[in-house]
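What follows is a set of structures for review.
The same chain A turns up in both complexes below, where it pairs with chain B and then with chain C.
Moving on, here comes the complex of A and B:
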């Protein structure tokens, strides 16, 4: 039981060289999906264990904490691990044919290697208790994601990859420098140790610099509003299955780092309140919600529309976190989970329908409601969930978001949140109208049911299920945020 | 203190090259300068005044801190991987578009 945190990282790492040696596309698929399934099962076991008996620490090589490197599986980590591994498994299970058709024949086994490495990076970021390890895992996931993005069928996909490489590397170097500043001041790299050795009394220049550098670096990784440019380009040119995977994971991991750094490592000096960073981010996020919802309405390509919609939803999550209340944090966590399921479902629908195509415009979807009744019904449910209609998971997130804003001292923001939610209806309607009230452009499209469609349906059912039975998201999120703010009050 | 300022100049120089240059190879060079400045920062903070190289001679001597050196070794490996991946992408872009100037790429 105590070995689970390291197994989640080490098992895929053992599989990766095996795939490299086999150089066989089918075997590499079987191995990757098997290891993702094992990871998912291990994560669920870990979550159950942590819920029952508290944080699980794993000391690498049995070197104890401040000197050795430690993995720390707390409830927040398990929550994000569950999200990441679930999305990875769903995308791999649904994506066999999509990957075979989009990626070049001799690159397929490399594609799976990059996929697994990316997932290892995400899991490592989440589990580690050593801040330098966080940087290394961040780079592992970033480097493999640059490769994944460059494999798209669109001819601009290498450009999207290299531009993301530049901006991503700048972000990573900022984080590296921030870690250096922290090390200068505290002499340790263990997160728990760092948070104990900085206190409100002795804030020095390196700490202030470190906060600023972390803010920019994390802002790039989590597509905080003015730093979101890479996201739209990446989402429109990367392979569709990679977009599906990243929509639910990569920016969420950015938000995880934000929570870890600002609410855990720096919790004793409360940088978000002390320097008014919170109101600054709140302002940026509000601007982000407005502008990206506005841009989403004006887009003609489905992927770009969904990308802007993702930026808007990420801004909602940041708004909720920046309220600095336990209710806000739990609203953010609920929305992280629900939004991942919704967006993965939406992108997956596009990916399974237009396997070998890029630049899908809204009019390409014309009349699909008649030919793919079940699939499009699921798509409709997911869109309604994105708007936040009652009985869907989107409603639960919006409800908790608005009520947490009303409880805080910036209640007037809730009006803007409601207005932008209403604006979501506009671009959702553009999609619904084409799907259900337009004639079919290409009548040769057949409506034969395929196995990979079932994952979209599964996600749609999950979205309704999470809208009715909220034990998983709400209870867990409230538990996590209570733990966090209990530490803060001490 | 001067050396920290010089290092900061290197840091800004790298960042400016990445942002302003249009040629992708020059951008990669800029990224390398940018990353190197942070590596040098780590080396600077590990220096202890009158410290010997961290090789054990006797228990009373003062040693420089070896940990940042080890850390930065990892970061250098990461930086090499980033550079090689970026160069590979540049080759791919060159094959598709016959140019590596970013402003020309944006037009096509």
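Moving on, here comes the complex of A and C:
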């Protein structure tokens, strides 16, 4: 039981060289899906263990904490691990044909290697208790994601990958510099140790610099509003299955780093309040919600529309975190999980329908409601969930978001949230109108039910389920945020 | 480079020393400066120098690309295997203490094997990067 944290990272790492030696596309698929299923099961076991008996620390090489490297599986880490491994499994399970059709024949086994490495990177970021390891895992996941993005069929996808490489590297350099500054000042890289050795009395220049550098670096990684440019490019030109996977994981990991750094490592000096960072991010996020929802309405391509919608939803999450109340944090965590399921479902629908096409416009969806009744019903449920209709998971997120804002001292923000929620209806209507009330453009395009469609339906059912039974998201999120703010109050 | 006598002779003279120095850094990494990563780079640099001077296809006769990839995977396996030995023997991942009869012996065995894995992987990756630049030139 106590070995689970390292197994989540090591098992895929054993599979990677095996795939490299076999060089067989079918075997590499079977191995990757098997290992991601095992990872999902291990994560669920870990979550149950942590819920029952508290944080699980894992010391590599049995060297104890400040000297050795340690993994820390706390409730927050398990929550994000569950999200990442669930999304990876669903995308791999639904994506075999999509990957075969999109990626070049010779590159398919490399694609699975990059996928597994990306997942290892995400899991490592989430589990590690050593801040330099966090950077290393961040680089592992970023480098493999550049490869994944460059495999799209559109001729601009290598360019999108290069652009993401530049901006991602700049973000990573900021984070590395910030870690360096912290190390200069505290002489340790262990997160728990760092948070104990800095206090509000002895803030020096390196620490201030480190906070600023972390802020920009994490802002790039989590697509904070003015730094979101890479996300739209990436989401419109990367292979559709990669977009599906990243929509639920990549930026969420960025938000995880934000929580870990600003609420856990720096919790003794409360940088978000001390330097008014919270109100600054709140302002940017509000601007982000408004503008990106506005841009989403004006888009003609489905992927770009959904990408702008993602930025808007990420801004909601940041708004909730920056309220700096336990209710706000739990609202953010609820929305992270629900939004991942909704957005993955929406992108997966596009991916299973238009396997390797790019630049899918809204009018390409005309009349699909008649030809793909079950699939489009699931799509409709997911869109309604994105708007926040009652009985869907989106409603739960919006409810907790708005009520946490009303409880805080910036209640007027809730008006903005409600207005932008209403604006969501506009671009959702553009999609619904084309799907259900337009004639079919390409009447030959009719296909019977396929296995991969069932994952979209599964996600739609999950979205309704999470809207009715909220034990997983709400109870867990509230427990995590209570833990966090109990530490803060001490 | 056929008509350039001096680089050819100098290369023939120094390549064995570079390779030997790579091995020295590899096996003395735990008591002096260096380690698997540096040793791998030094070892690969000797190999690459020989390739640059004596024609880019000489190297592929000794180390074909497929074999290099297998060696690279072997290095990773070695690392993971030593790490997992710690778990199998009842400790944590990468726990060297249990590998030998005493703690010190275990640490020496563990570090030696892990650094060997790192060295093998790094040198084959360096050589593969060189090969892929060659192929890039050919494709043009």
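The definition used in the following text is that the second predicted complex is superposed on the first by the 489 of 490 C-alpha atoms of A that agree within 3 Å, B and C clash if a C-alpha of one lies under 4 Å from a C-alpha of the other, contacts with A are read in each partner's own complex, and residues count from 1 in each chain.
The rule we apply is simple: a residue touches a chain if its C-beta (ideal position, glycine included) is under 8 Å from a C-beta of that chain, and two chains touch if they have at least 3 such contacts.
On a predicted model such as this, the values are computed, not experimentally measured, just so you know.
In the overlay built on the shared chain, the residue A:17 is in contact with chain C alone; chain B does not reach it. In the superposition on chain A, A:147 makes contact with chain B only, while chain C stays out of contact range.
When the two structures are aligned on the shared chain, A:180 is found in touch with chain B, with no touch to chain C. Of the two partner chains placed by superposition, only chain B is touched by A:139; chain C is not.
Of the two partner chains placed by superposition, A:229 touches none, neither chain B nor chain C.
Of the two partner chains placed around the shared chain by superposition, chain B is the only one that A:165 touches, whereas chain C remains out of contact. Contacts of chain A with chain B, set against its contacts with chain C after fitting on chain A, share not one residue. Touching chain C in their complex are the following residues of chain A: 3, 6, 10, 13-14, 16-18, 20-21, 58-62. Every residue of chain B that touches chain A in the complex is listed here, in rising order: 11, 15, 18, 24, 27, 31, 34-35, 38, 41-42, 45, 68, 71, 74-75, 78, 81-82, 85-86, 89-90, 92-93, 96, 105.
Here chain C touches chain A in the complex through residues 69-70, 72-73, 76-77, 80, 83-84, 86-87, 91-97, going by the rule given at the top. Per the touch definition, chain A reaches chain B in the complex via residues 132, 135-136, 139, 143, 146-147, 150, 155, 158-159, 161-162, 165-166, 169-170, 173, 176-177, 180, 183-184, 189.
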